[in-house]
Amino acid sequence: MTFVEFLQQLINGLSLGSVYALIALGYTMVYGIIGLINFAHCDIYMVGAYIGFFAATSLHLPFIPTLILAMAGAGIVGVLVERIAYRPLRKASNISLLITAMGVSLLLENGFNCIFGGDPRSYPHDILKQTNIELGPVHTDSLHLIILATSLVLMVLLQIIIYRTKIGKAMRATSADKDAAALMGINVNATISATFAIGSALAGAAGVLVGILYNSIDPYMGIQPGIKAFTAAVFGGIGLIPGAFLGGLILGVIETFVTAWYSPLAGAIGFIILIIILIIKPSGLLGKKVSEKV
Amino acid sequence: MPLLDIKNISIQFGGLSAVDKFSMSIGENDIYGLIGPNGAGKTTVFNMLTGVYSPDSGTIMFDGKSIAGMKPYDITRMRIARTFQNIRLMKNLSVLDNVKISFVSQTDYGLATSILRLPAYFHQEKDIEEKSMALLKVFNLDGKKDEKAANLPYGEQRRLEIARALATNPKLLLLDEPAAGMNPQETQELTELIRWIREKFHIAILLIEHDMRLVMGVCEKIIVLDYGKIIAEGTPKEIQSNPKVIEAYLGEEAPHA
Amino acid sequence: MMKTYVKKLVAFLAASAVVFVVFSLLLSNGVINAYYKQIIMTVCINIILALSANLIINFTGQLTLGHSAFMAIGAYAAAAIYRVGLPFFFSLIFGSLVAALFGFLIGLPTLRLKGDYLAITTMGFCQIIVVVLQNIPQFGGAQGMTGIPAETTFAWVFFTMIITIIVLYHVVNSRQGRAMISVREDEIAAEAMGINTTHYKVMAFTIGAFFAGLAGGLYAFLMMFIEPTQFNYFKSMDLVIYVVLGGSGNFAGCIASTGILTLLPEVLRFLGNYRMVVYPLLLIIIMIMRAKNIRLSRLVGMFRRTGKEGDNNAAA
Amino acid sequence: MLKKFVACALSVALVAGFAGCSGNASGQGGSPAGGAAGGTIKIGFIGPLTGSASSYGQSSQRGLQLLEEQTNKAGGINGQKVKVISVDDEGKPASAVNGGQKLINSDKVAAIVGPVTSTSANSLAPICQRYNIPMITGTGTNVNITKSGDCIFRTCFTDPFQGKIMAKFATDDRKAKTAAILYNNGDDYSKGLAEAFKSSFTGTIVDTETYNTGDKDFNAQLTKIAPHKPDVLFLPDYYSVVSIIMKEARNVGIKSTFLGGDGFDSPELFSIGGDAVNGAYFSDHYSATDPSKEVAQFIKDYKAKYNSDPDAFAALTYDAGKVLFDSIKKTKSTDANVVKNAMKAYNGQLVCGNIKFDSDRNAVKAAVIIKTQGGKETFYKKFLA
């Protein structure tokens, strides 16, 4: 593997990683605040892609309005899912919430398959020009850079929201202890809805961008990237915004180099790393160790 | 040779020495109290004794063997039992089942015996049943043997936790603030109970407690800890009048009566 | 103590024999055609799987999302060794032992983890095993293993289920079972009572893996064809759903919920395309009902309540 | 404890009974001769109508339903109406077996068209063989499927056949010395074709890389292949995946000619892949621009019913149904043994070319090589391996 090839694979890794990071942000936010492995998150990503698709094709909207419409739409779906399916289970055990999330995931996937059919659809070609960028011997393309930039911007934006705004403080309080937060006068339900709104909007944005990048969307597009992004979120330290971003990038790079080395292993490498990390440092790369007081 | 002999154990958490050269020894049938203001290191000493932490230095000899750094379940098998400050009962299980669990480490029939229901299973289970019921009768909880542990009133939950600890047939019983949250009447009953346990089970007891009525009423010897160091040792009367103890508790020089 | 136990066991075996005879008659004279026989046998296999997962999830309180990996190992090991010439019964046992070994190997490192982290790690292991199986040429890789003879009959499946129920019931109602339940209730208190919690978690994992392997072996010789993605973590999720809806810790609830939830997709077949929309919808509704304390097992209870016994708990 | 168990077992039996009568209610009583009860001939269809392979299943179903409509409009077979009963196997072998058992034993179908995916076909074949129900798949290319017995037929190529064709095409027509292969290690169709190509390609295979179902980023593999500069890059997978690979390959600077199998055939190939897809060659059963009247008629009828262009799945399943319907018409009976023999002796000109069966009941037919040009599939060459 020549140096140029190494550099190119690094760029490939970062591009793939930026896609994972973008989706992982939503996962880590929802998990960080209400401790739920939201299986349905990757399907809200799919819903966002479809809303963007219809905005771009039937409403002929250019890129920015499509993106905003998709984020808004996905946000609303996220809030509805939380309001209808998750809120009644707020007191229930963790496993019941997990199963309900699984149910919502299947409902969204098969529902969309029933309504829109399973055939892949693609965004109009001119919605976001994908130009090839040559940096000397190595190359990348404008779309991957946009995705990397978007996930960076969204990460910073999220950090500001969470650590600089009132709603952010409410989120952190709810994440620390729902009941205590309620005692402090924080409207826990509104905070959780806000978390889902933001997390789902992120998923919507990811859906549109990735839908355009690979130029194909289908009702089951969320499953595979969902697992990878979720692995990245845990890998980076579940519940930590920078963790999701870092975890996504590192996972992308590692997966790319393993694929380059011996590709049949690529499918499992994401999980192998995850397990090693979890056994050595259960709270992930950036997470801090939380031991139970006797 | 004392039952328990602790020599100069200390432990630091991130540079802050929680316990500094703590030494103490208890005989076969003594009741000692360990008191001190909050954060003095009482529970840390307890946790070192029960294997939750292992001391940075010093030795803990129990029954002639060193137990520093041993795993909690091994220490229990060395016949040291403990209760918890915030009563860790098995809430969803019945009172009887809570006690039966203590006999797991004392019985030895294997998995195959369980699966095939060989005679050894029935003998040992009958034995467990009888011992558990006997213990519950002694703590007059036998009437509520099928009651869920969570449904018991606070006083009875504390009694069940002590009964469960005694079920592991200990030589030394460690009580972690047993009177916490108890009204005077319950504390009085607890004092009787502890005295009675010592007579009936011939065991040593080490008690951490803030409730002075209980400590003074029950303990033969009291050790006072402050900022991880022993500042006083002696009989209840000596401790009551010791100026350093009062200062540690009340914070300023006591007016000379 | 022994007397009551023997009485209960004999009554249970008698009842099972009655059920077996009833079903065999229905099968032989065609009232239950091959389609329902296939489903009922799948129900029995799922019950073995659910009970083994129940031991880990409900009794020992360790949420595993990778239980179907042991089913895969059992299926492939049994099918492979059978092809080498081992008779059917010993192939099943071999498959189960290999699965139990993996249960032990996977259990040791992961069982230090708690709650969600354990769930994620076991899910990871499940996907790794699927990828590994896809890369073993002798097992046919992604094309799967064809030509497995149909050795599994209704008798095999039914009696294996009965034996599984008895064995797991015996484990739960013994000192080992009590130790596992104490781990679920409060691990720190259990350690303070002299129980090596890791030892019993790994034991629960290994026993669970053994029976999952056994169910996998029966599945392979029922389906006559196995391929890796059948056993991915979606299958584990099905098991978690059966176990959780079965109610915490009682055998009858777990059996009932597994039976009903295995039949549900088949009963809903008349819905055609909407089947896979209605099924998750029902799932969500059941979970919400459950949270509002309208328990599925109690629903079934109301439906066939005879005695006065309440929803008694673990050490039934 | 025991009382509970007996109660549960009875409740499970009850539910099974309920399912039983609901099942029987839909079929008008079990008649001995398969599905020929009274007015209608019942034919089963199995395919992934949900799950990640749902677009292939739905497309195949549309093909068969088109044939059903045409046949019934023309008075059915020997005066009897045809009724297609569809079952969704979610792309899972276990559901295929359950679904198949339902069709055979509850709906009492005369024969089964499908399953669509090889894994489901492999799992259902032995069961159809055991119940002596003819099963004909239009799209299951795994070579083991028809080995289950004489009831099992296939109207598409087998993986080895198609792999051999593309290997010969690469060396003879494209004069390729070096080749690279990129295939889905988790998919039976993709792996089968890749291995067949590898074994019959006379040139040197410079690199073989794999990916998994659901992957959409192939830059890592393509960057590794690029320096080898292979003459041809063989991509044995379905259109929804290969279109993305070709686009990314051009971005990575790979200039090789793309080769593939019948999985390429779909109008979506161009809408997803864009310009990168042009200049590729793939083997297929028929060409949309083939002047034969069967092809033209099929495309016209398909467009009329669904106002979209058919893909290979629709055409192949249409043909599979046609072979079955013609055989039942010829023998004037739905008895399995009679129909089976008629199908074995079948020789007809269908949408996907002339079809007759070899001793293993695999279709023997000429392959067509299609070239993608200017956003359209164009007929390039007929090819008899």
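Side notes on the structure shown:
The letters A, B, C and D name the chains in turn, as written, and every chain counts its residues from 1.
The working rule: a contact is a pair of C-beta atoms (placed from the backbone, for glycine too) under 8 Å apart; a residue touches a chain by one contact, two chains touch by 3 or more.
Quick caveat, the model's predicted, so the values are computed rather than measured.
Of all chains, the one whose CA centroid is most distant from that of subunit D is B. When the interfaces A-D and C-D are ranked by C-beta pairs in contact, the top one is C-D. Centrality by Cα centroid goes to chain C.
Distance between subunit B and subunit D, defined via averaged C-alpha coordinates, is recorded as 72 Å.
For this pair, subunit C with subunit D, the centres built from the Cα atoms lie 34 Å apart.
One finds 49 Å separating the Cα centroids of subunit A and subunit B. Shown for subunit B are the residues that touch two or more other chains, namely 84.
Under the contact definition stated at the top, the residues of subunit C that touch 2 or more other chains are 131, 134-135, 188, 273, 276. In subunit D, the residues that touch at least two other chains are 49-50, 185-186, 212-213.
Considering their complex, residues 50, 71-73, 76-77, 81-82, 84, 88-94, 97, 100-107, 109, 111, 114-117, 121-122, 124-126, 128-129, 148, 164-165, 167-168 of subunit B touch subunit C. Those residues of subunit A that touch subunit D in the complex are listed here as 2, 5, 8-9, 12-13, 15-16, 19, 109-110, 113-114, 117-122, 125, 132, 139, 141, 210, 214-216, 218-220, 223-225, 255-257, 259-260, 263-264, 266-267. Those residues of subunit C that touch subunit B in the complex are listed here as 1-2, 5, 167, 170-171, 174-179, 181-182, 185-186, 188-197, 203, 248, 313-315. By the touch rule above, subunit A contacts subunit C in their complex via residues 35, 37, 85, 88-89, 91-96, 98-100, 102-107, 110-111, 113-114, 227, 230-231, 234, 238, 264-265, 267-268, 271-272, 274-275, 278-279, 282, 292, 294. Within the complex, the subunit C residues that touch subunit A are 57, 63, 109-110, 112-113, 115-117, 119-121, 123-125, 127-128, 131-132, 134-135, 188, 237, 240-241, 244, 273-274, 276-277, 279-281, 283-284, 287-288, 290-292.
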